[in-house]
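One chain, chain A, links the two complexes that follow: it is found with chain B in the first and with chain C in the second.
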Partner chain A sequence: MAAGTTAAVLVLSASPVNAQTTANQCLVCHASLPDAALAAPAKAFPGDVHQQRGFGCVDCHGGNAATPDKSQAHNAARGYRGKPRGPQIIATCARCHSDPELMHKFAPRQRVDQAAEYASSVHGKRLAEGDLGVATCVTCHGAHGVRLVNDARSPAFPTNVAATCGTCHSSAEHMKSYKLPNGSPLPTSQRAEYERSVHYAALAGQRDMSAPTCNDCHGNHGAAPPGVSSLTTVCGTCHTVFQTKFATSVHAQIFEKACIECHSNHAVLAPSDRMLGTAKDTVCASCHEDKDDPGFVGATKMHDSMERLTSAVDSSAALIARVKNDGMEVGDQELALNEARTKLVLARTEVHMFDPAALDAIVNDGTKILAGVDQAGTKALGELAYRRRGLFVSLGVILLVVTALALKIKDLGKEQ
Partner chain B sequence: MSSAFNRRRFLDAILGAGFISTIAAVAYPVWRYLIPPVSGEPATQSVVAAQASQVKPNSGLVFKFGSKPGLLVRTPDGELQAFNAVCTHLDCTVQYKPDTSQIWCACHNGTYDLQGNVVSGPPPRPLERLVVNQRGDEVVVSRT
Partner chain C sequence: MSQIIDWVDERLDLSGIRHFIAEKGVPIHTQKIWYYLGGVTLFLFMVQVASGILLLLYYRPSASEAYESVQFIVTQVEFGWLIRNIHSWSANLLILAAFAHLFSVFFLKSYRQPRELTWISGALLLFLMLGFGFSGYLLPWNELAFFATKVGTGIAGAVPFVGRGMLRFLRGGDDVTGATLSRFYALHVAILPAMTTVLVALHLLFVQRQGMSVPMKEARRLRAGGFQKQMPFFPDYILRDVLVWYVAIALLAALAAFYPWELGRKADPFAAVPAGIRPEWYFLAMFHTLKLLPSHILGFEGERLGVLAFGLAAALLVVVPFLDRRASREESSPWFTTVGLAALLYFVAFTIIGYLAS
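So, the complex of A and B:
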């Protein structure tokens, strides 16, 4: 009952209506303070999303914003709490952000379970154990210049997330006291690795906001490393077909780290057919070195199949481009070529089943289509050569006639 | 003598120039034929995709639209819609999925609604929509 009353009082005190009725003396005073650390909040707050919705300093810090007198403004009797730290930050934000009725007035679609999620995160658990070095709400969202997450200036905007997480996770100094469950040091190379990845290239390079950043795999408020058992599910959130194919494969039972065994985790590079096979730089070779190993045999077969289809597609495409450039109609062949390319994409998907026979079936479909394309292309080239021969013959005849005509005219001239 | 010589030179010059012009007029098209300019095929503007009676409600039909595949769909409501059937993700050919009444790409499980908009999966853009008209029983699909 007491807790409920306290919550009600806090929510009432968070009402923006109260904050709007009088001038905010906190800002007036703090903006002129010589200590930059104390002045910065007052300077940053005017652009803050909370300020724009009518909230003031006292809604988080308590106290009295109506008076320029410091002792009255910082009066504990008026609920002055000063700068919240650690768990107080979570509680301060959660007062509003965990209140569905209050949040409905300002952001009806926004979730209100952030604090509950945070408590389940590695950050939240360590904070509950007394570790004040972990991230809280303000670490990622800022404190006095908070922007909406969809504002590109927000530290939580997708393209800024890696840098935000990297503030702590890329700092060897900050992370030195943290260990992995097996006791080894926590790595600090994640951001650098991520920035080499195909995901980062899509997000930062192509501005594809659906490309994943840290929180898409680790969670944001409930941030935690994905467990080994859920790795395929995490990757499969976007790569559903590959998850389905992989789940039926023999590797699903063997790989301890699922997808990342071949693709890595943070440094997910653009996949390529060169990953497949038994050459030294292939991922298969890292486990399958023995020529009698069924995996070695399977990897060789799959590599050969993919090589067969890719080279056939390239060769047919070059033939059709040449024939088309020579002016022949190749619409049907281009259509068939598209179909063969579809088979190639399907084959690259099928690779994740690690079943050479299943892969071969798709590759054979593709090469069969391409055989027809090549046959038509070769026939068109033959037709073109025939037309050229005819043209040269007719040209020769025309030249002969013209020459004869010229000689005849000359003869006539001599006779006259 | 001098007059006849001048006339002959004049006629020879006229004939020579005419001969060279004739050779050029013949040779130029031959040259252009043997080494044609690199130019794309003009995009197909209109094709008869199917007979309307062939396309049952809640079904789709892939047809040739120039050098690209097109997809003609008759929605469960009986409306005819046509799209460029090339998935906007990696150019696979899409197909109609009657169980979900959606357009589906088998390569990476991309799905589009019956307006061509992306519903789920990796496609970055909607499918290109084509215009459908009926001429008797013929379904005429065009780009504009």
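So, the complex of A and C:
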């Protein structure tokens, strides 16, 4: 009941109309306090996105910002509620962020269902059960120095998300009381694994903001581990074609962890053709060890097909580079080579159907294109040799003429 | 053969020409080697005309077909590669020879009275050759040429007062498009050749009427009663000229076979400007100088001032015979030699720096 009353008071007071027009006495006093924990909010608040839009301390904490008198400022009758904790934080933020009318004035395109989503998350459910150790709004966004999510200084900015989540999830101390559904301890290696992944390399290394970080697979406000049944959907959000191909494959029925079975989850490494086949270090070999196993036979066939196309692409590219380096016009061959490279990309996608015949069809298309490239390249090399032979013959003739002319000139000199 | 000549002689009376050829002599002195530069320039121009006409048989001057037609010439047409490569290399050697000819004439002060008109026609021919190079560079419609033309016509746009009009005239609009290609084609194969033909004829006429100039020292010696040793123009000198032309052919053939002119990628007006855009080497010194100029000099726009300075330098080059009065009196003019050396040094140094910088 008391919490409800406080919330009602806050709802009434939360409006830009209440934005402080006089000097904010909360900041004046708190900035000069010797206790760093009490002074820090006052120092961090200038620059906060809420402060920039006219909100002040009392909009979240209640009280009276117009007076330097502490008892007046911290007056419960003025709605003063101190520092919100646990569920109060969610309620405080949700007063505005779940209000479509209010949010429309500041960020018309922003969603207003974060609180509802949060309630459905593992964090939200545990908070509802009384666990104050879980993440709330301020854990990820900060409390007094809140920045927009597209501000690189925000803890929720894509390149900072792994570190933000890792604050808790990489801490063995923090996570020791949490268990997986099967009772085993919750791992804390996710961030370290993610930072080795191809996704992190794209995000942090190439600054590719479309590369996924924690929240892209787990959700942010509704954060939860993706269930086994939805793994392909999670990966397929970006890797659409792979998801479609995989769905038709025999492995879709067998793999418990779908994509993760071969590619891992947090530590998704850059895929390579070497994953395919039956050699010891291949992924296929971890299940298909028996030579009579149809899977072993299929993996061998697919490996050989891929090997055929990749080596053909490499050798044709080397030939065309050599011919081009010699100055021959190879525009058409370069286009054909690009077409063959596209076939290689298609073949790598097709692998996810685990159907050697379907893969072979694409590989054959590619090698057919490359045969044409090689033929043109070899012809160009022959043409080059012909030109040079022709040049030497011409130079020989010119040398003869020049010698004859020189002799004639010498004769003329003698005559004079 | 003699019967044919007799037949023509009977009708046209070639005795005047015969007499002219028999009497024409070329002075022999220590600097006579520079005489061959004019001949080799003329020879390379003839190579350009011949190879250009052959290219015209297949070239199609439109934005949608130009690149493909050149690609067709170098890949499908029998000896098309040879013709195109000879045309490209010969263009460069021609401009190199023209520059060398100009500088040799300048340092020998051969422009002095009474050969002012020969010098003026020669300087104008050099500008026409540069015009040929600039307009021909765009014709294959490849990426490098497209963007270099954009930059080049942009520089023309910086000419004070008339720049905007010049830019629109050259481009056939505000930007480099198919209309620019049509204009450059018309310039390259009709307007410039017509002008060049007239000027080459005049230049040769002047040379034949006045004979070869001799260095000033030699001229002073002759004035003092010295004897001018000469060789007959025909066949002695002409055979030497032909020998040099054969060497030029050999050089062209070797360059065409070992260093074919790259066609590159087709021009795409919407593509990002590729790295390493630069004009042909003979514009590099000017291009790099304009790049180095500050945005404003004494309150004037730097690039405009630079273009104006180059225009002024070109105008001064044309009227050099009238400025160098000492040379006309056959007195040495060390100031002009110094300025010429400085110009040559600047041209070579900035061409190299410009090449390395891009």
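Please note the rule applied: the second predicted complex is superposed on the first by the 377 of 416 C-alpha atoms of A that agree within 3 Å, B and C clash if a C-alpha of one lies under 4 Å from a C-alpha of the other, contacts with A are read in each partner's own complex, and residues count from 1 in each chain.
Simple rule for what comes next: a residue touches a chain if its C-beta (ideal position, glycine included) is under 8 Å from a C-beta of that chain, and two chains touch if they have at least 3 such contacts.
Given the structure is predicted, the values throughout are model-derived calculations rather than measurements.
> Name the contact category of A:T240: first (chain B only), second (chain C only), both, or neither.
It touches chain B, and chain C stays clear.
> In the superposed arrangement, which partner chain does A:T342 touch: chain B (first), chain C (second), both, or neither?
In the superposed model, A:T342 contacts chain B only, not chain C.
> Tell me which of chain B and chain C touches more residues of chain A.
Result: the larger residue contact count on chain A belongs to B.
> Considering only the touch criterion stated at the top, classify A:D208 as touching first (chain B), second (chain C), both, or neither.
first
> Mind working out whether A:I409 is in touch with chain B, chain C, both or neither, as first, second, both or neither?
both
> With both complexes superposed on chain A, which partner does A:R388 reach: first (chain B), second (chain C), both or neither?
Touch status of A:R388: both partners.
> Kindly classify A:M328 by the partners it touches after superposition: chain B alone (first), chain C alone (second), both, or neither?
second
> Applying the touch criterion given at the start, work out whether A:I398 contacts chain B, chain C, both or neither, answering first, second, both or neither.
both
> Can you pull the chain A residues that chain B and chain C both touch?
Residues common to the chain A contacts of chain C and of chain B are 326-327, 331-332, 388, 391, 395, 398, 402, 406, 409, 413, listed in rising order.
> Can you tell me which positions in chain B touch chain A when the two form their complex?
8, 11, 15, 19, 22-23, 26, 30, 33-34, 36, 38, 41, 64, 66-69, 86, 90-93, 106-109, 121-122, 124
> Quick check on the complex: what are the chain C residues that touch chain A?
71, 74-75, 81-82, 231, 235-236, 239-240, 242-243, 246-247, 249-250, 253-254, 257-263, 265
> For chain A, which residues count as touching chain B in their complex?
My answer: residues 208, 238-241, 324-327, 330-332, 334-335, 338-339, 341-342, 345-346, 349, 388, 391, 395, 398, 402, 406, 409, 413.
> Which bits of chain A are touching chain C when the two form their complex?
326-329, 331-332, 387-388, 390-391, 394-395, 398-399, 401-402, 405-406, 408-409, 412-413, 416
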